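The following blocks contain the structures, represented as structure tokens.
Each of the next two complexes has chain A plus one more chain, namely chain B in the first and chain C in the second.
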Partner chain A sequence: MLTAAKRQFKISMLSTKYALMRAMVNKATFVMSIVFMILNNATFIIQYLILFSLKEDVGGYTFNQVLMLWALASGTFGVAHFFFKKAFNLSETITNGKLDAYIVQPKNILLQALTSDIDSSAIGDMLYGFILIFVSGITIKKFIFFTIFLILGGFIHVAFAVILASFSFWISRSDIIADTFNSMITHINTYPEGIFGGITRVVLYTLIPVGFISYVPVQVLTSFNIMSFIYVLLFTAFIIGLAFFMFYKGLKKYSSSNLMISKI
Partner chain B sequence: MSIIKAQNLNKSFKVKIKEKGILGSLKSIVRPKYEVIKAVDNISFEVNEGEMIAFIGPNGAGKSTTIKMLTCILYPDSGEISVLGMDPTKDRKKLAYEIGTVFGQKEQLWMHLTPYDNLKFFGAIYDIEDKEIEKRIEHLKEVFELEKFINIPVRNLSLGQRIRCEIAASLIHEPKVLFLDEPTIGLDPVVKDSVRKLIKKMNKEFGTTVFFTSHDVSDIEKLCKRVIIINNGKIVLDDSMANLKYNYLNKKIVEVKLKEKIDFENVKGIEVIKSNNNNLKLEIDTRTTTLADVLKLIDDENIIDINISNTPLEDIISSIYKEGAK
Partner chain C sequence: MRKYIYIFKSEFMSSLQYVSNVFINYIGYFIMMFMFWNLWKYMYQDEANLINGYTMNQMVWYVAMTEILWYGLGGRKLCRRITDDVRSGNITYNLNKPYSYVSYIIFSHLGEILIRTILYTVLSLTLFNSILGEFPIGNIYEALGVFITAFLAIVISILIITSIGLISFFMEDASPIYWIYSKIILVLGTLFPVEFFPMFLQKVFKFVPAYVVSYGPAKLFVDFSIDKFVEIIIVQLCYLLVSLLVANLIYKKGVKKLNVNGG
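Then we have the complex of A and B:
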């Protein structure tokens, strides 16, 4: 079991390495995509700077907490899109019968499919996350927990995308729903929790689990609470389990295709 | 010893039916209509170890669906499959170590990597040690003549070179069974011939069992000793190539150039396929008329040139497809 997991990890890393090699073919494009992603994200903080010059807090968050929120939102997005880019167009992979190549390999189909490409601009998102967390004031403990939350949040993003994409096994053109929800989770992630109330807040801890990607981690990074940390861990394990369950349940309905396609 | 067994295999697909135009699209949202298409209809067959078998049929006959069920890609609705004693639906990973696949219509290689890097990557997927991978790459490089382009990115290779790399990559883990789904599609005759030679060499050298689909009759004729023909999801013929030719070659084609034209209309057992002045192309049904009888009808001195040949295998297979469709 452990050997199999090690081998799977080796292959996933090898896939990422090869995809990175491709992204680096044109160095100028590679570097520019990262730099411009950082600049693009930075423009949003300027909006908050203006808001905080008018108000003491926004949605119950101080400016420092907004920095942490953006660090988490950007960093988790970066982790998810850099290592598991294909999770966000898995619907198309399923619909167009592109899973065939992964099914005939003696490895985990889902992980093989997810790690077969990277989004190099997501490096900019990850870097931006680390820049902001340093700006918000850093300690070793905060740095370690921030890094853990980035990984867990990235996993939640990916698992959520896989669950949505798995509907493609049953419903045609469900990629539209998947795209809508994936973009929803990305946007809501950047708004302070306090601006939402009632049922919306329940939704943000269940159907659109932004709460476990950003809100609880912001609380933990502000004042450490072991129980909140455990909740995030448990939820991450739950949603990953659900993603695998949905994908493999749907795989039995996979109908492949005879399209002329190539693996790029 | 049989290495592949399929028993009473069935597979259907549910397809949405949409009426034409925007109104049809709206209707299909409110009241969607579906049609169940039976892709594979209760088929059974066995393949023996070391055999090279052609699994052929017209488009939409069920060839790819069958091959995909044998390689774990699709789950059958019912029936049993055993490949190397394993059930593809239950032992996918274990079976994947033992089989190789090449889908002519689908690229499995990484286009931006060189064939060498691809072979290294595929070797790692099959958990082969680095030293052993290098050894196998050397061997495959020799057998498949990859030397000239092994360090050029796959996207810059010609289609023929790419197919050679695809087949080489599918053999890196030395599979016992190789599934080739239209590997010669889109290739020119010269490259086709070299791919055929490679497949033959691989079967001889590695003892690999080859399960092969193709629309090209020469592929089948040159490579396989046994043929299974599938049409409308059903097996319409499962026989050796020798038997296929023997049983179906009861027609001869006679092309004759005459000094003076002879009328063969209404002669029993003779069908005039083409008539151009004194040049005739006749199809003789040898069950009712012997060639000797035909030649008796033509005066020796009237013949300028004559050619007698078998009905092309392609025509035989087409007629089997048509019979199957009825």
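Then we have the complex of A and C:
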């Protein structure tokens, strides 16, 4: 079991490595997409400078906490889109019957599909996350927990996208719904929890799990609480399990489009 | 002109096939607006407060209007379409056609987004009028003024994004430039009116595209005045002329560099 997991991890890493090498063929474009992504994210600082000039806090967050929120939002997005880009157009792959190339390989179908492509500009998102966490004031403990939260948050993003994409096995044209909800999670991630009312907050910890990607991690990074950390770990394990369950349940309904694709 | 109207009409007819998608995509717009409504409710606390001359209702209407223009425009898709046309060589199909590529893009994109923009406007005006209960437009003349500036804002946006997409003639991917442009529009015109920035920056921002493609129509919608209307129309006409010239210039220069492998 452990050896199989190790092999699968090695193959997924190799897949990412080759996708990265393809993206680096044109070095100028590769570097530019990363630098511009950092600049693109940085423009939002202006938005918060204005909001903080109107009020001392935004949704109960200090400016430092907003920096942490943005570091997590941007970093988790980066991890998800760099390592598992395919999760965000998996719905289209299923709808168009293009999963065959992954099904015939003697490895985990879902992981093979998810790691088959990368988004090089997402490196800019990850770097921006680390820049902001340094600006917000860094300690070794904070750095370690931030890195763990980036990975866990990235996994939650991906698992959520896989669950949405899995609906395509049963509902046609659900790719629009998946796109809408995936971009929604990205947008909500960048606004403090305190601006929302009671019912919305419940939704943000259940149906749209922004709370476990950003809000709880910000609390833990501000004042460490082992229980909150464990909640994030448990939720991540739960949503990953649910994503696998949904995907493989749906896979039984999959029908190919007989499209000839080579997957090397 | 008849050929462009035909292009507009055929794109419009084609977009009617996907009306149900507009309603699903509207969920995204609605959630964004729900977030901003919550944000401004928190910032205002007391709804009777004025921040930089705006009441809370005016702020929500302002953002609703700028977001209609933004979501209706579909700028990312337009930029991607032009970039793909250039990179894949598909743009060569337009070279031997008896029309200008820039004009073709303007009319085909207007045809594509017409039904979406109309539906977004109708749904949003109905929704926010029932929530806020205070419709900012007083009479038909003000509505006409807002409509003219909104239409010009969309055409100018299409021209600017076309220019950005055509930069692909000179570099492999123009998307990063579009990211920066979209964030400038978002931060300097969509989320906040110009009045929220320091005085010295407000004068500079009159020269930023966000002033004409986002702030102008939304400001007139929430607080119409003839002076402001005339000022915005003049700046918009200047922008229209310059962006049209720039888009055509980039196309003419770029198309000479085009190198397509047959296939």
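What we mean here is this: the second predicted complex is superposed on the first by the 258 of 264 C-alpha atoms of A that agree within 3 Å, B and C clash if a C-alpha of one lies under 4 Å from a C-alpha of the other, contacts with A are read in each partner's own complex, and residues count from 1 in each chain.
Methods note: a contact is a pair of C-beta atoms (placed from the backbone, for glycine too) under 8 Å apart; a residue touches a chain by one contact, two chains touch by 3 or more.
Just so you know, these numbers come straight off a predicted model, no measurement behind them.
By the touch criterion defined above, A:104 lies against chain B but remains apart from chain C after alignment on the C-alpha atoms of chain A. In the superposed model, A:252 lies in contact with chain B only, and not with chain C. With both structures placed on the common chain, the touch criterion links A:172 to chain B but leaves chain C unconnected.
Applying the stated contact rule after C-alpha superposition, one finds that A:32 touches chain C and leaves chain B untouched. Shared-chain residue A:225: touches no atom of chain B or chain C. Contact with neither chain B nor chain C is seen for A:206 once the two complexes are overlaid on the shared chain.
Once the two complexes are overlaid on the shared chain, A:59 sits against chain C while remaining clear of chain B. When the two complexes are laid over each other on chain A, chain A has no residue in contact with both chain B and chain C.
Interface of chain A with chain C (complex): residues 26, 28-29, 32-33, 35-37, 39-40, 43-44, 46-47, 50-51, 54-55, 58-59, 121, 176-177, 180, 183-184, 187-188, 191, 194-197, 200. Within the complex formed with chain A, the residues of chain B that make contact are 13, 16, 64, 68, 71-75, 92-94, 96-97, 99, 101, 103, 105-113, 117, 121, 124-127.
Listed in rising order, the residues of chain A touching chain B in the complex are 7, 10-11, 14-15, 18, 21-22, 25, 99-101, 103-107, 172, 252, 254-256, 258-264.
On the side of chain C, the complex with chain A involves touching residues 21, 24-25, 27-28, 31-32, 35, 38-39, 41-43, 51, 171-173, 175-177, 179-180, 183-184, 186-188, 191-192, 196-197.
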